[in-house]
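What follows is a group of structures, each given as structure tokens.
In what comes next, subunit A is part of two complexes: it sits with subunit B in the first one and with subunit C in the second one.
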Partner chain A sequence: MSGVKRFICGDEAVAEGVRLARPHVVSAYPITPQTIVVERLSEYVEEGSLKARYMHVESEHSAMSCAIGASSVGARAFTATSSQGLLYMAETLPYASGARLPIVMMNANRSIATPWNIYGDQMDAMFLLNSGWIQYYVEDAQEALDMMIQGYRLAEDPEVMTPVMINVDGFVLTHTYELVEIPLQEAVDGFLPPLKMPLNSMSLESPKSLCISAGNDTNMEFNMKQHFDMLRSASAIEAVDRAFGETFGRTYHGALEAIDTEDARVVLITAGTVTGTARGVVKALRAAGKKVGLIKLRVLRPFPVQRLIEALKGVEAVGVLDKNISFGYEGTIFTNVNSALMAGQMSPKTLGFIGGIGGRDITKANLEEAYGKLFEVLEGADLDRVQYLNVRCDY
Partner chain B sequence: MVKLNAKTLHNEEYFYGHKACGGCGESLALRHAMKVLGPNTFAALPAGCMAAVSFIYPNMAFTTNAMITPFAATGAVASGIAAGLEALGIDGTQTIGIAGDGGTADIGFQALSGAIDRNDDIIYLATDNEAYMNTGIQKSGLTPYGTRTTTSPAGKNLPGSVNQKKNMFEIVAAHGIAYAATASVGYLEDFLAKVAKAKETRGTSYIHVFVPCPTGWGYPAHKTVSLAKAAVDSGLWYLAEYEKGAFKLNRNPGSFTPVADYLKAQSRFRHLTEEDISRIEAARDAKWENMRRQWQG
Partner chain C sequence: MKRPQVKPWAYPGRVQDFPLGSTSKSDHLVSINAGWRTLRPVIDHEKCIDCMKCFLVCPDGVIDKSGPVLEIDYDFCKGCGICAHECPVKAIDMVKEVK
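Right after this comes the complex of A and B.
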């Protein structure tokens, strides 16, 4: 079943995806570059094409708190934010995940102040990597739309019951127009049926106390159960994407997409929109006879350790592109990938590449340079473990 | 409506088995509010004494639906519950947010304001014991002048807290809220009637109930109700309503009992000098003059 194609921006694609997912409650506070999402959703509610309650909240903290309240009685809830807004609501994220509330949130990835900057990097979401939310990173507007629908199906899976954050790169994706297929409502309804009252919902039939306190005699067990359910959600992530493919004719290869990795000597790992640029670079380098590959990391939590290990078998050098800095160490994805390689008892050369901070361009030339450095390392060059792309200062 | 009192109120309990201190005024307010609101209530409580004593796994003190909210989020979570229930078409419920003085006047103020602005169909019950009791008696925005707390010590240089108590009732009323009231656990029938009225109100209601705390205030546990009465009788607290844009004093005593008797019964005020007490009396008189002039028409 194919829908109509429309020329829309990433934020509008998110809004279309949310409308198709039929949330009961949308609670949101505006922040650039997320605003178009909530503007469209409020229009849909006004015109009646989305039968939801649109809650005008006074902050991101309340946006998530309203979603928590709505979700706690079994309503489908959506919110969207970005950057400082995500950090402002930070304490409510583990609240939602600890209570096992299947909320879906779009985060428009944006730089963190100070210095102030509205453009895209992925520092914001990295702060919340430990929040107990499943984290996706998408490449284009179609994937942004589709993941709103997949997000609810995954979050509401009784075996998962974990909130999902869909990360959409600020401006590069939120404000860029692309041709996007809008799925048919009936197809989405078939794929994503109405949320059945989850077992942990407050209800008149079965009153409950939620978000309870658990002392040192039980607290660790609650956390362990949450952690292991999150680990096990890795298989649901694959299954949901496969099922999506069966209905809509396109999949995203689950937690990661491996491109030309099978015979690759060097592989670059990316998350988000920069993957599109990297695809072009890989194509060009392949055409020039270079054995390069690319891994598009779509999910950072649960971290797809096994799939990474499989995809990187036989690879001699791995580069990781981070649009974030963990101040005082390195890029966060780099740390995670190195740990996964250790888990797989694999020891390729690895280099971290930090770029795109505060919306700095990551060009084809930058990525060619990254692949070049990976080959240099293979030839014995002694390079710094962490490389910085397109920087205009000494450091 | 039947007048609610000890004879007419039913014997069902929806809040019991909690671990609050003996003589706790706040749990007394909750117990009675829940009796008025009934079994179809959804309660949202932030961090604070009532959450701390009522949700200790596996012993839950609410027999109705209830949840702990992030500290700053009572108004927002309650709003979300009400919106979710409405969207799902679940009728005949009552959502209530219940927060202490700090959870209301300080950290939860913004979310409360947002909820009133949306006129969400919830009741917000502010239980005011005039300090952060759960964390060990620290000063809040509703701690009155001259109070000794663990963060407003009284000594040579300071008389304890030097702020005035924020006027939450009028701040809330200034939003144009559907219904607002003040109450005291010393005058339970008045409180019960106000909870019942809030339950009947469509849109947001706010009840600010004065709840003495033996642990934080330093008085014997059996004196909670008499001190809650004394606060009203001495004019340091007042019983009032805001409805359809108008204020109304429910109790307008011809004369006040001595402020010193109320203050000196509590260790948190025992250090106050004659001068401090005169200052408190002067502030009380100015407040009453204003209320009588502006509200009594």
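Right after this comes the complex of A and C.
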């Protein structure tokens, strides 16, 4: 079943995906570069094409608090934010995940102040890696739309019941235009049936205490259960994507997509839009006879350790591209990948590449340079563990 | 005293048997909570004028008015002393807990 094709930007694709998912409540506060998402959603509610309650809140903290309230009584809730908004919302994120509420949120990845900047990097979402939310990173507008639909199906899976954050790179994706297929509503309705009242829902017939206290005699076990369920959601992530493919004819290969990794000596790992640039670079390097591969990491929590280990078997050097800095250490994804390699008792050479901070371009030439450095390391070069891409002066 | 009752709760045998999330049936008290009290408020019913100020200001809602006189639920009173401080006729004494 194919839908109509439209030439829209990433934010509009998100809004189209959310409309198709039929949330009961949208509570959001506008922030660049997410604004178009919530503008479109408020227009859909105004014109009646989305039968939802749009709550005009005064802050992101309230946006998520309203989504938590709505979700607590069994409503499908959506919000979207970015950067400082996500950080202002931060306190409420573990409330949603701890209460096991299947909220879906779009985050337009944007840098964090200060210095002030509205352009895209992934520092914002990295702050919330420990918030108990499943985290996706998407590559293009079609994937952004599709993941709104997949996101609810995953979050509402009775075995998962965990909120989902879909990360969409600011400007590079939110504000660029692509031809996007809008699925048919009936196909989406078949894939994503109305939310059944979850067991933890509150109602007048079944009054509940929300956000209960659990002292030192039970708190650890509550947290362990949440953690184990998040780990187990790895299989649901694969299953939901497969089912999506069966209905809509497109899949995203679950938690990660391995491109030309099978016979690769050198592999670069990316998350988000830069993957598109890297695909082209891999194609060109392959044509030149270089054994390079690429892994598009789509999910950072739960971290797909087993799939990474399988995809990196036999690879001699692994580079990880981070659009973030964990000040005082390295890129966050680099740390996670190195840990996964240790878990798999694998010891390829690894290099962390930090780039794209505050919206700095990551060009094809930058990625060619990254692959080149990985080959240099294989030839015995002693390079710094962390490399910086497209820096404009000496360091 | 008509107070919420602590209900017996079987500690789950496995982590996965814990409730889904931090939500429970209302009124589901599984333990008392007053262990750190060092001073206990004691109402002198001779002085008490039933003005209900203590009932209104108690942050833990442990002043019970269901009986003929006001009573304090010591299973949940933390001993903060706000009731004694606010009592207009000084009818509440804070007495040191002795074990």
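Just so it is clear, the second predicted complex is superposed on the first by the 394 of 395 C-alpha atoms of A that agree within 3 Å, B and C clash if a C-alpha of one lies under 4 Å from a C-alpha of the other, contacts with A are read in each partner's own complex, and residues count from 1 in each chain.
Rule of thumb we're sticking to: contacts are C-beta pairs under 8 Å (C-beta built on N, C-alpha and C of every residue); 3 or more make two chains touch, one makes a residue touch a chain.
Here the structure is a predicted model, which is why all the values come from computation and not from measurement.
Overlay on subunit A: subunit B and subunit C clash in the combined arrangement. Judged by the touch definition given at the top, the superposed model places A:D263 against neither subunit B nor subunit C.
In the superposition on chain A, the chain among subunit B and subunit C reaching more residues of subunit A is B. Applying the stated contact rule after C-alpha superposition, one finds that A:G98 touches subunit C and leaves subunit B untouched. By the touch criterion stated above, A:K225 is placed in contact with subunit C alone, subunit B being left untouched.
By the touch criterion stated above, A:I68 is placed in contact with subunit B alone, subunit C being left untouched.
After overlaying the two complexes on the shared chain, residue contacts for A:E205 are found with neither subunit B nor subunit C.
In the superposition on chain A, A:V25 contacts subunit B only, with no contact to subunit C. In the superposed model, A:E58 lies in contact with subunit B only, and not with subunit C. Of all the stretches 19-27, 73-81 or 163-171 given for subunit B, the clashing one with respect to subunit C is 19-27. The residues of subunit A shared by its contacts with subunit B and with subunit C are 72, 99, 202, 207-212, 214-215, 218. For subunit C in complex with subunit A, the residues that touch the partner chain are 11-12, 15-16, 18-28, 31. On the side of subunit A, the complex with subunit B involves touching residues 24-25, 27, 52-53, 55-59, 61-63, 65-75, 77, 91-92, 95, 99, 202-204, 207-215, 218. By the touch criterion stated above, subunit A contacts subunit C in their complex at residues 72, 98-101, 161, 198-200, 202, 206-212, 214-215, 217-218, 221-222, 224-226, 228. Interface residues of subunit B, counted against subunit A in their complex, comprise 39-40, 42, 44, 51-52, 54-58, 60, 62-70, 72-73, 75-88, 90, 93, 110-111, 113-114, 117-118.
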